[in-house]
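Here it is, the structure in full.
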Amino acid sequence: MSKTKKGLFEGVVSFNKQIGERFYRLGLRFKGEAGKAFAGLVPGQFAEFDISTAGLPACGEIPDDLRDSARRELLLRRPFSFCNVEIDGDEVEVEILYCVVGAGTIRMTTLAAGDIISVVGPLGNGFSVPESKSTALLVVGGMGAPPILHLAKVLKEKHPEIETVGFVGAKSAVDFPLEEIQGQSKDALKSMSDFELNGVTWQVASDEGDIGHKGFVTEKLEEWLGSCDAQKDTIIIYSCGPAGMLRNTAAIAERHGVDCQVSMEQMMACGIGLCQSCAIECKGDGGTEYKLCCKDGPVFDSRDVVFKV
Amino acid sequence: MSKTKKGLFEGVVSFNKQIGERFYRLGLRFKGEAGKAFAGLVPGQFAEFDISTAGLPACGEIPDDLRDSARRELLLRRPFSFCNVEIDGDEVEVEILYCVVGAGTIRMTTLAAGDIISVVGPLGNGFSVPESKSTALLVVGGMGAPPILHLAKVLKEKHPEIETVGFVGAKSAVDFPLEEIQGQSKDALKSMSDFELNGVTWQVASDEGDIGHKGFVTEKLEEWLGSCDAQKDTIIIYSCGPAGMLRNTAAIAERHGVDCQVSMEQMMACGIGLCQSCAIECKGDGGTEYKLCCKDGPVFDSRDVVFKV
Amino acid sequence: MSDAVDISVEFAGLKLANPVFTVSGTCGYGDELSDFMDVGSLGGFVTKSITAEPRKGNATPRIVETDAGMLNAIGLANIGLEKFIEEKIGVLEKLKTSVFVNVAGQAIEEYVQVTEKLASEKAISGIELNISCPNVKKGGISFGTDPALILEITSAVKKACGNKVLMVKLTPTVTDISVTARAAVEGGADALSLVNTFTAMSIDIETGKAVLANKTGGLSGPAIKPIAVYLVNKVYNEVAKDAGIPILGMGGIRTASDAIEFMIAGASAVGVGTANFIEPGCAVKIIEGIKGYCRRKGTGKVSDLVGTLG
Amino acid sequence: MSDAVDISVEFAGLKLANPVFTVSGTCGYGDELSDFMDVGSLGGFVTKSITAEPRKGNATPRIVETDAGMLNAIGLANIGLEKFIEEKIGVLEKLKTSVFVNVAGQAIEEYVQVTEKLASEKAISGIELNISCPNVKKGGISFGTDPALILEITSAVKKACGNKVLMVKLTPTVTDISVTARAAVEGGADALSLVNTFTAMSIDIETGKAVLANKTGGLSGPAIKPIAVYLVNKVYNEVAKDAGIPILGMGGIRTASDAIEFMIAGASAVGVGTANFIEPGCAVKIIEGIKGYCRRKGTGKVSDLVGTLG
C-alpha cells in the first residue's frame, strides 16, 4: 500500500447520515489534487478536519450531557480515520464514521450535502501487510471500527489470498457504530453471534451481553488463537479500539507469538508533527522514548508500545 | 404604541433572502409567549440575536475584506431593528434587513428556513407619535432604513390622518438596502427621483449621484421644509442613519423649529442595561450626561442628544 | 443514595442559598435582570462599582468583542454613593439575596468614606473592595498590584465596614497572585474574589487607532477562563485554604460545568459576569446545573466539592 | 501611488525578506511544514526549544483545547543539542530563511553552554533565549519574572553568542512587563520577543482532575491576542522604542489583520504559533495579506507601520 503526499484540501460533503443514537456516517468528495492525495489513502491513515465553520444544532437537539460543552468555540481541527474510500474517475469519495462526544462532533452533525470543509491529510502511517502472512485477525473495540472496516475491504480486494477473521466488541449493543447492528431488534441482537460485513465474518462480544458473547472481544480472539493450527508467524493481528483493549490484544499477540499492529489515539493539536502533543511511549534503546502518534503512528507494531492503562 | 414585556425567546427562521450584494432580509417566526412579546413591537425597538450557533459560508463565498475577521469566534449577541412585523393568528413573523459587515453578519447569511435562533427582545424605546402632528417626515440614511420602513407602514395603518413624506439617501445606488432599488438597471436608477414603498413616496438622494438627487438626503429634507406652509409644530421628523446624517437632520429640525426623533446606534454588549457600554451623550442639568442607547433609546428626541461627529 | 442535595454554602459567615453570584458591572443594580430571572434565587449579587461622587465614565466605544472574549473600558460609570443609597438600596433590599456593594475610589480616604456610609445599610451583606480596576491610580501604581498598599487599604476599610463581610477583589495581572492575596488576608479580608479583567487592547487596522476610546480595556469572558481557574487554584492552595478564607471565583463562567471547575479548583462560590450579557438568566440555569451534577455524582453538599482537585 | 511595496524589514541588523516568523514549539525543526508551504519564504523561523540534554517531555495529555485557545504542557520535549546539531542544522541551512534557535535550560551554565556551541553554526542567525517556560525554575522563581536574574542570564548568554543576534523571550505573567523588558535590554538583548504563553488550567469535572498530566499548561491562541497586543504596545512605548530594539510580537496571530495589529502596536516582526496547527501554511497567506494591506493603504515600506498606533 503506497503513501501519497499530504496537503490542505477542501472536500464537499456528499452525505451525513445518522446511524445510531450517537453515530453518524459522513461522506466527503475530493477532486483534483485532493482527489489524487486521498486516492492513495492507506487504511489506518487519518486526516484533520476543520469543523469550526459548521453551525450548532438547536439547543433542544443537543444531548443533555453535551449542553455545557457544546458552546465551546472550536480552535483546533479534529482527527478522524476513514472507514471507506471509493475512487470514481477523477473524484474520490471518502467516508468517516463518527461518534458525537463533544463540541466538535456535535457541530459535525449539522453538516449537509454540498457544504465545503477544510481537511488536512492524509496523515500518518496506516496498516501494512507483511509478505509472509496468510491469516489476518481484525480486532475492533467500539469506535475503533472505522480504520479496521476499511482494512477489511482492502484486504479482501487486494489480498484475497489472506484469510480474514473479524472480532468486534463494545460495552453493549448501542455502542457498536455499525448500521448492521443499530438496525436490529433486541431479540435479533440477543441471538446474533456473528455477522458479515465487507466480506468478513465478525464475531461479536459485549460487556453487557445484550449482543454476542458476554465479555471482552479479546476473549474471542484468544479462543480463536488457542484453537488454530496455523503457523503463528503466518498470522497477523490488526486492532483499533480503547487503550485497555489494545493492551490486552498486544498481550495476547505476545503470548501466542503473533505479529500485531495497533492503531493508537492521542490528543492531537496539529496532526503533522509540529506540536509534540501526541506522544506515545515506546520502547527504545535501554529505556523508553516518546514517539508521535500523528507522524510515527497512529499504527504501531504492538511490541513497540508501552501500554499505560 | 404600547410596549410589551421583553424576554429570552427562540424564533424559527422563515426565510433568509439576499437582496443586494451585501444585503439580506431575514424572517423569523415566534409562537406563544414570544409571539405575544413581539406582537407589541414598536417601530424603532430592536432585539439581540445570538448568531454564534450559525455556520460560516465556504471560504470562497466570504468577501475578501471580511476573510480575516470572519473566523473570529462570536461571543456577544448582535442588535438589529425590525423592518416589518406581521401578526398571523397565534404566530408573529418579524423581518429584519441586514448588511454583511463582519463576523456575525457573515454567519447570518448561512441561516436557512427552519433554523432556530435565540433572541432577546423586544428591547428599548421605539418611535412615538405625539397627538398634535399632522405631517411625518421620514429621513433614512443607508442601513438606517429598517425601523423607518416599519414606522412608515405603522403610520399608514394606524395614523392614516398623518401625511407622511419619505427621504432616503446613501452613498451610491448599491448602498440602498432596498429591493426596489437593487433590482433596477443603471438607466432606471439614473432617472429615479422617487419611488413608492409601504404607502409612502420616498425622494432619493445619493452622494455619487448615480441615483436621485446628487448630494445629501438632508438637502432634500431642507428643501421640503423650506417650501412647506404647514405650522411647524404640526410636523415631526423621524430619522435613522449614520451619525453625521442624524446630526444634520437634528440641526435642520432645530433651525425650522420642528420636532425630531432619531434612532441612534452604539456598540452594545448586552442590550438590556447591564453593561453600560452603549452610552450616548445627552444634555443634562447644567452639563451633559450619558444615557444608555439600549434602555433609554435607541430612539431619542434629537434635542436631547449631543452629536459628536 | 438520596436525591437530596444541599447546595447552600457558608461564605465568610453568611449562609447563601447557593454558590452562584452575578458580579460587579455585569448585572446593573438588580432591577435590569428581573425580566429574565428571579434575582432572589441567586446565592449573591454584587453591584456595579460605587464611588463617592457620580462618574460619567469613559467616552465610547467602551467595548469591543475579541475571540471568545470582550474588552470593556466603562470607566466606573456609576450614579455615585448618594444617589445609590437613595434610589437603589430599596431595590436591592427587595432582592432577597445577599448583596455585596463593590466599592471603588481614587484614594484610601474615598474607599473608607464610602464604606462607612454603606456599613449602616441593612440591605447590604458585604463590601467588595475593587482594587483591581485599571483606572484607579496612586503614585503611578494601581492599588491592586502593590502588596503594601493592599495591606494598608484593606486594614483601613476593614475598620470602616462594621459587621459587613469584607471581600477583596484581586487583579490577575501580577507576577505572583499569592502575594497580593496574602496581603489582603493580612489586612483583614473576610473573603477574596478573583479574577478581575486583564488589561488588553484591540486595534482597528483601517484607522490605525485603538478601537476603544480609552485605548486599553479589560478582557473578560470564556477566553480567560483557564487562566482564572489556575489563579483560583493557586490562591486556594497557597493562601485561602490555610487561612480559612473563602474565594468567589470568576472569569468566563457560562455554564454549570464552568462553575464546578472553579469550585473544584478552590472557589467556595462562583461569579457570573460577561455571560449575563449573552444569556440573561443563565445564572439560574447554572444553579440548576450544579444541583444536577451533585445529584448525579452523589455529592451530598455542594461545598464538598471545594478545593478537591485531584 | 506605485504598486511596489517593500515588505522586507531590518531586524536587529538582519535583513529579513518580510516580517513573518513561525515561532518556537509550533513549527518543528523546519521539515514538517514543508508539505504545506515554502518555508524559505518566511521572514524568520524559530526552532523548538533546545536543551543541553535530550528531554522526553511530560506525560500525556499534553494539550487541551479551551475557548479560542489551547493549553500545552509539552515539557520542552526535544532531541537535545548534540542530535540537533547533527541531524537538524543541515535541514535548517537549506531553509533559506533566518533561523533562530530557541534555547532553554535549568541553570545559567546550561544556557551559556548551549549558546556557545550554536554560536559557531553558520546556519543560524540568532538565539532566542527562552526564560519564560514554566518548567524552568531556580530558587523557586522562574527566570523570566525576576529582573535581576534576567539581567544576569542575558549578559552571560550575550557573551557566549558571538555575532549571533540575541533575542530574549518574555513571559506575559508579570506585574509590569516593562521592568523585565528593560532588564533584558540592559543585559544586552538585541531583540525582544513576546509573548510566551499564560499559565492556565483546565479541569475535567467528571474525574475531578486537571486535564493535563502536568496539571497546568500554557495558554496560547486567539484568546490571548488582545493581551499580547497590549503588552507589545507597552514594551514598545516604555522600552523598545527608545532603546532602538526590535520586537517580535506574537500571541494568537492567525491572519494578516492580526499581524498588522501587532506591527501598529510596535512589533517590527510577527510570529505565528498556534495557527500553524490549524492552517499549516497560513504564514504565507499572512505575508501576502500584509503586502496587500500595504498596497491598499499606500504604505511604501511595511516597517513604516511599526509603532504607529494613533
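Think of it as A, B, C and D in the order they're written, each chain with its own count starting at 1.
Basically, a contact is a pair of C-beta atoms (placed from the backbone, for glycine too) under 8 Å apart; a residue touches a chain by one contact, two chains touch by 3 or more.
Quantities reported herein were computed from a predicted structural model and do not represent experimental measurements.
Asks: Which number of steps is the smallest that gets you from subunit C over to subunit D via touching chains?
Replies: The least step count works out to 1.
Asks: So which chains count as neighbours of both subunit A and subunit D?
Replies: B, C
Asks: Which one of the chains is farthest from subunit C, going by Cα centres?
Replies: The most remote chain is A.
Asks: Between subunit A and subunit B, what is the separation of their C-alpha centroids in Å?
Replies: Computed from C-alpha means, the inter-chain centre distance equals 53 Å.
Asks: Between subunit B and subunit C, what's the gap in Å when you average each chain's C-alpha atoms?
Replies: 37
Asks: Please tell me the distance, in whole Å, between the geometric centres of subunit A and subunit C computed from their C-alpha atoms.
Replies: Inter-chain centre distance comes to 47 Å.
Asks: Show the residues in subunit B shared as contacts by 2 or more other chains, in ascending order.
Replies: Within subunit B, residues 71-75, 118 contact more than one other chain.
Asks: On subunit D, where are the residues touching two or more other chains?
Replies: 66-69, 221-222, 257, in rising order.
Asks: So what shape is it, when you link every pair of chains that touch: line, ring, star, complete or other?
Replies: Contact map by chain: complete.
Asks: What part of subunit D is in contact with subunit A in the complex they form?
Replies: Touching subunit A: residues 25-28, 32-33, 35-36, 48, 56-57, 60-70, 72, 74, 77, 221-222, 274, 276-281 of subunit D.
Asks: Give the list of subunit D residues in touch with subunit B in this complex.
Replies: 67-68, 222, 254-258, 289
Asks: Considering the complex alone, what residue numbers of subunit D touch subunit C?
Replies: Residue positions touching the partner: 66-69, 71, 145, 173-176, 198-203, 205, 207-210, 216, 219, 221-227, 229-230, 233, 252, 257, 260-261, 264-265, 293, 308-310.
Asks: Would you pull the subunit B residues touching subunit A in the complex into a rising list?
Replies: Contact set of subunit B toward subunit A: 10, 52-56, 58-60, 71, 73-75, 110, 115-116, 118.
Asks: Considering the complex alone, what residue numbers of subunit B touch subunit D?
Replies: It comes out as residues 67-69, 71-73.
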